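In the two assemblies presented below, subunit A is common to both, partnered first by subunit B and then by subunit C.
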Partner chain A sequence: MAQSNIVETVDLEKHYKNVVALDGLSLAVPAGSIYGLLGQNGAGKTTAIKILMGLVRPTAGGAAIFGLPADQPAASVAIRQRTGFVSDERDLYDFMTVAKLIAFTASFYPGWRADLAARYVRSFDLPESRVVKALSRGARTKLALLLAFCRGAKLLILDEATSGLDPVASEEVLQVLVGHVANEGVTVFFSSHNIAEVEQIADHVAIIDRGRNVLSGALDDLREAYRRIEFVFDGEAPALKFHSTGVVRMERKGRVLSVLASSGSEQIVAEGRAHGSLSAQARPVTLKEIFLDIASRER
Partner chain B sequence: MLWYKAWIDTRWRFLVALALLVCTVLGNALAYSSVDGFVVALAAGPAGPLADKISSIAQLSSTFRGFIWGQVIRQNLCGLWIIFAVLLGADGLLSRRKGVIFTLALPVSRRRLFSVRAATDLAELFLLALIPMLLIPLAAPAAGQTYGVADALVHGISIFLGGAVFYGLARLLATAFDDRWRPIVITLAVAIVVELCKEFIPMPAPLNLGGVMDGQRYFLTGTPAWAGLVIWYAISMSLLYAALRSTEMRDF
Partner chain C sequence: MLFRPNPASGVPIYLQIMEQVKHAVETGALRPGEQLPGIRPLAEELVINPNTVAKAYRELEHDGIIELRQGAGAFVSAASGAQGRAEKFRGARTIVAAAVKQLRARGVTEDEIRRLIDAELAGLSGKGE
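And now, the complex of A and B:
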């Protein structure tokens, strides 16, 4: 596996009895990136992350972090030593106080950043003497982030880090995350079903559906490559067959034929005109449009 | 810190169990003087099968050592100890409770997590067997009796080494079921079967788990049932190893 990629999965599969959670998932997370794993609920995001963290064993395929195989116990311990992780459930010890949980977690990491922990306790306004069970969901998320940030990790894996938070708390968490990445230079691999959130902070993205990677790449490249082309015809829009390979999806509505293209938009425009369209207009698309189109195509 | 967490996870069950066992043992031991007079009356009662059974129990209780073995160890201590062993075992480290994903995401192998918790449980169970027994020699003078420290040690160790198999079984079952109740119910059902076998089915002494656990041979002959203790402790360690392997292979 390439060393420039901190996280890499190859044809990863996970089957639970009759359910296929992952169906040949391949991902490559470049070092230094903020990589968003986007998918609907049940797409396989959490399963993929659990395999990377050694919580679930893959049925087939490979997963590696820092070049270490995630499914081997000794390598998994080494991975977890260098990785900060926040689970989607913010699974913490409810019975411990904030201060005790911080001390408990710190004892497992020789590179624990006590200075950073003290700073985040203050900036997150975390009550150190309060038991975790009594924290609000927002405070619980902040504590989970603090525990992930301060272990001196080179990689942060966050599973739906902002789910269940109100917009203000969610924005605050994202800002803290971006600030931490900027200051510490870590790689972030995070899952979300919130497109706006991914678009806001990620520089790389993968869209997964039913356990497969259906689209991935640098977000700027995707934005650059994808175009929505709308052809207007004199009468009912015909069901065209384009020769260009970049056509992702077509939709006809009366006189309008709408085409989502992943590449070669000029060639598609030329083809549409050759088929008699009165006008053709190509415009950039948002990640949301791409995601919704891909999701509906996959249904 | 893992040891600390294991202690935090188990301390209330341990302390409650210890209090209950100590009260049971001391209560019985200190009440011996009143039982002593009752025994004499029972021994002079009418003839018949039930009377014979009552008479044999009465004869056993005619000495303080016999009373402790028959009434305290066999009737109370072994049964209560098994219940607490099963409760500890069924609440395995990795049962689906809050905090398990956090624990598993720490840079510690599942083997170490499992071993620390099992060692903590076994240490607590050892103390639960030994402390109540060692209190008997201390309390005996208050009832006008004496009880040997060696007797207390041998019976305490027998309860622990023989009974650890119930902990191992509960621990193994806890890795197979997501809920806490099935391991408890199944293991306690096995304990009841073992008790019935002890009473009604003749079998070689080392295989008679109930007899090994209550130190029957030591009480009757003065020699501990070493073979039985070794066999059953080895079985309990095998069950624990199977539970460990199951935990290592499991998805969370």
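And now, the complex of A and C:
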């Protein structure tokens, strides 16, 4: 496995009795990245994360964090020492006060950052004497993040960190996260079904659908390569056969031929011209358009 | 200094920041020697990836617009051509203003003007006119 990848999965499979949750999932998360794992509910995001954290055993394939095999108990303990994990359920000890839970968690981690914990309690505005059970969903998420941030971890794995939060609380949580990344230089691997937040903070992205990685890479590369090209013809738009690679999808409507291209938009424009299009306009494509296109294609 | 990238526009965020810095230098909102916000505070303020801000600053340095001084931060470079750039920009604005005025007089709408300019810049306008 490449040294520069902090998290790596190869052909990961997980079959439950009647369900295939992961169907050959391969991912590579580079060191220092904020990596967004995007997929619809049920796409396999949580299963993949549970395998990485040693909570679920894969049916086949491999998963490694820091080069250590995630499915082996001894390695998994070492992984969890070096990884801050926030689960989908935010499972915290409800009966403890905020201050108690922080002190309790600190006792497990030799590298605990008491300085950061004190700072984040203030900046997250957490009520130290309140019992965890009585916290709002936003405060509960911030507390879970604090506990993950302060163990001195070089990797954060967050499962749907902002789900169930209102827009203000979720922006606060993202701000806390980018602030922590900026100051501590950690790698973040987070799952989300929220395209907007992935576009906002991720530099790498993987879109998974039905347990497979259908598109992944540096987000800027995708943004620079993908184009929507609209050709206008004099009469009914012809069903062109493009030689250029990179044509993902074509739609004809009257005089307009619309092409979604994953690369090579200039050659595609030139080909359209050669076939007599009157005008061609290429514009950037949002991650949302790519995601929706993949979702409809796979159905 | 106000930066406002739009993450959902499909245009890489680092390019948007670069454009906004260049624009600020052209309009004189940022002048040679002045300091830009640090990578960390800017990432936090805009709630975007610090790597993205760092990439924008690296590219701006490569283009000679800013200088990155070890430990001190990012500064608008004296050789950014800010003066000439500002003059060029003012001249260009006069041309655009005149063109827009003429087009409006012909009844071309704001949206149409915007699309025409975009198509012209992309080199994609039809050749038939």
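The rule is simple: the second predicted complex is superposed on the first by the 299 of 299 C-alpha atoms of A that agree within 3 Å, B and C clash if a C-alpha of one lies under 4 Å from a C-alpha of the other, contacts with A are read in each partner's own complex, and residues count from 1 in each chain.
Simple rule for what comes next: contacts are C-beta pairs under 8 Å (C-beta built on N, C-alpha and C of every residue); 3 or more make two chains touch, one makes a residue touch a chain.
Worth saying up front: this structure is predicted, and the values here are computed from it rather than measured.
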Room on subunit A for both subunit B and subunit C (clash or fit): fit
Contacts of A:288 with subunit B and subunit C, given as first, second, both or neither: second
Which of subunit B and subunit C A:85 touches, first, second, both or neither: first
Which of subunit B and subunit C A:220 touches, first, second, both or neither: second
Touched partner set for A:107, first subunit B, second subunit C, both or neither: first
Touching partner for A:13 - first (subunit B), second (subunit C), both, neither: neither
Once both complexes are placed on the shared chain, angle at subunit A toward subunit B and subunit C, C-alpha, multiple of 10 degrees: 150
Which superposed partner A:53 touches (first subunit B, second subunit C, both, neither): first
Which of subunit B and subunit C A:278 touches, first, second, both or neither: second
Touch count on subunit A, higher of subunit B and subunit C: C
Subunit C versus subunit B - closest C-alpha approach in the superposed model, Å: 26
Overlapping contact positions on subunit A, where the subunit C interface meets the subunit B interface: none
Of subunit A, residues touching subunit C in the complex: 32-34, 171, 174-175, 178-179, 181-183, 196, 199-203, 219-220, 223-224, 226, 269, 278-289
Residue ranges of subunit A touching subunit B (in the complex, touch as defined): 50, 53-57, 73-74, 77-78, 80-81, 85, 87, 89, 91-96, 104-105, 107-109
List of subunit B residues in touch with subunit A within their complex: 1, 4-5, 8, 98-102, 104-111, 248-249, 251-252
Subunit A contact footprint on subunit C (complex, rising order): 7-14, 39-40, 43-44, 47-52, 55, 115, 118-119, 122, 124-126, 128
